[in-house]
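Please find the structures below.
Two complexes are shown next, each including subunit A; its partner changes from subunit B in the first to subunit C in the second.
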Partner chain A sequence: MLSESERFRYQRQLIVTDWDQEKLKCSTVLVAGTGGLGGVIAQYLAAAGVGTLRLLDDDSVDLSNLNRQILFRTDDIGKPKSILACERLAALNPEIKIEALVERLTEGSASRIAAGCDVIVDGFDNQPGRFLLNSIASRMHIPYIYGAVDEWHGQASFFYPPATPCLACLVRETTPTTRKIPVFGAVPGVIGSLEAAMTIRYLMTGETPLAGQLLIFQSDTMSFDVLCFEKNPTCQVCGAKARAK
Partner chain B sequence: MQITIKLFAMLKNGRFDSAQRECPDNTTIQDILNGLAIPVSEAAIIFVNGRHANPEDDLHHADTVSIFPPIGGG
Partner chain C sequence: MEIYIKAGWKLRRLLQPDVDYDTRRVEVAEGETVKEILRTLDIDPSEVAFIFVDDQIKNLSYKPTAGQMLTLQPPAIGG
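And then the complex of A and B:
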């Protein structure tokens, strides 16, 4: 049941076709990472009224983060990101519950961190973290909304095996890069916004528009493309053998 | 046969965005990677005609190959 204050706060979205604020209010979302992608994702999910946000980040703010991580300010340097994000988003929307986790996602901590989540949203900044997130989401049978950026390029997709392929069906796991990944704020801004929109749509309708599809955004040519991919039957994460374990 | 190659993100630096190449029959995606000096470890995602593919797959006339490096940032 929405309070009078909630009805007023959300009045412009309550008139959106298919909108279901009650469903959002009852939902719990894990935002993995609160940086360039995660900060945008968390901000839009908080503003929209997702009932419980769990913000995971073990990192602290660095001056070199501020070209893209729009939740943070220069006087935040050295402070833990997830706690700062929690404070900023609580000020934006005190009607929702926000939990800050200052820790690293590991195989050991995953069950506790993702417990009770309806969706896991990817705000990570590294490939090994994404493969771990994919594996955990598949094992715990939680939908995983994927996003990643590099230079002028961004990608997004939706993984929910066994109904859909997973990240490991799509991307060959390669040696983690040691190079500094080039990134400027607008690209994670776009991809993070798409992830937030996908999360909200999925929570309210159960629709999965990017299942089995990879959305490609190229900000240098201002192009969006959608490419198809299928399940890998021998996938180490979501293939039949992996699920039988 | 004629193949269109599209490179994405860092892979196009020093190469090209999109190019057409004449290739002998039985050319595989791995042959294309070798010709462009792209290690298979740098081809994290490959599509042919908008559908997911693997390095060992054969190519056919008028195919479009799209190659993406690992995209890790956030």
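And then the complex of A and C:
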């Protein structure tokens, strides 16, 4: 049941077709990373009124983060990102519950961190972290909303095996991970917004428009492309053998 | 035989498209693998994260057939 202040706060979205504020209020979302992608995702989910946000980030703010990580300011340097994000988002929307986790996602901590979440949203900045999220999401049967950026382009998808392929079905070969990733703020802004929109739409309607599809945004040509892909039956994460374990 | 290669962002510059802004028509020998084709085009295969052909992900050992469109995407890792 929405309070009077919630009805006032959300009045402009309550009139959006298909909107279900109660469902959002009852939802719990894990935002993995609070940087370029995660900061945007978390802000939109908090503003929209997702009932519980769990913010995971073990990093502290660095001066070089500030070209893209719009939750943070220059005087935040050295402070833990998830705590700061929690404070900023609580100021934005005190109606919701926000949990800050200053820790690294590991095989050991994953079940506790993701427990009770309706969706896991990817705000990570590295491939090993994403593969771990993917494997946890698959094992715990939680939808995983994927996003990643690099220079002038970004990607997004929705993984929820066995109904859909997973990240490991898409990325089968090793990609370089040691280089410093070139990135400027607007691209994670776009991809993070898409991830937030996908999360909200899924939580309210159960629809999964990017299941089995990879959306590619290229900001140098201002183009959006969608590439379809299928499940890999021998996938180590979501293939038949992996599921039988 | 002729195939078409379409490439995203960084790979597009290496591809030197001639059909439209992101697609190049390429003459290849039958049985040539994607890896061999990329080397001929002076594209480092390690720069390619995904190869899509007809809604399916293929690997570097895939051998395209005449008229096929290969879509190459570079990796996106950051956040």
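The rule is simple: the second predicted complex is superposed on the first by the 242 of 245 C-alpha atoms of A that agree within 3 Å, B and C clash if a C-alpha of one lies under 4 Å from a C-alpha of the other, contacts with A are read in each partner's own complex, and residues count from 1 in each chain.
Heads up, the rule we're going with is that a contact is a pair of C-beta atoms (placed from the backbone, for glycine too) under 8 Å apart; a residue touches a chain by one contact, two chains touch by 3 or more.
Values in this document were obtained by computation on a predicted structure and should not be read as measured data.
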First (subunit B), second (subunit C), both or neither touched by A:G38: both
First (subunit B), second (subunit C), both or neither touched by A:G49: neither
Contacts of A:P143 with subunit B and subunit C, given as first, second, both or neither: neither
Contacts of A:F229 with subunit B and subunit C, given as first, second, both or neither: both
Touching partner for A:L170 - first (subunit B), second (subunit C), both, neither: both
Set intersection of subunit A contacts, subunit C complex versus subunit B complex: 33, 35-38, 122-127, 147-155, 169-172, 175-177, 181-183, 188, 214, 216, 218, 221, 227-230
Subunit C-touching residues of subunit A, taken from the complex the two chains share: 33, 35-38, 122-127, 147-155, 169-173, 175-177, 181-183, 188, 214, 216, 218, 220-221, 225, 227-230, 232
Touching residues (chain side subunit B, partner subunit A) in the complex: 8-10, 17, 40-45, 47, 50-52, 66, 68-74
In the complex with subunit B, residue positions of subunit A that touch it: 33, 35-38, 122-127, 130, 147-155, 169-172, 174-177, 181-183, 188, 214, 216, 218, 221, 227-230
Complex interface listing, subunit C residues touching subunit A: 8-10, 21-22, 46, 49-50, 52, 55-57, 59-60, 71, 73-79
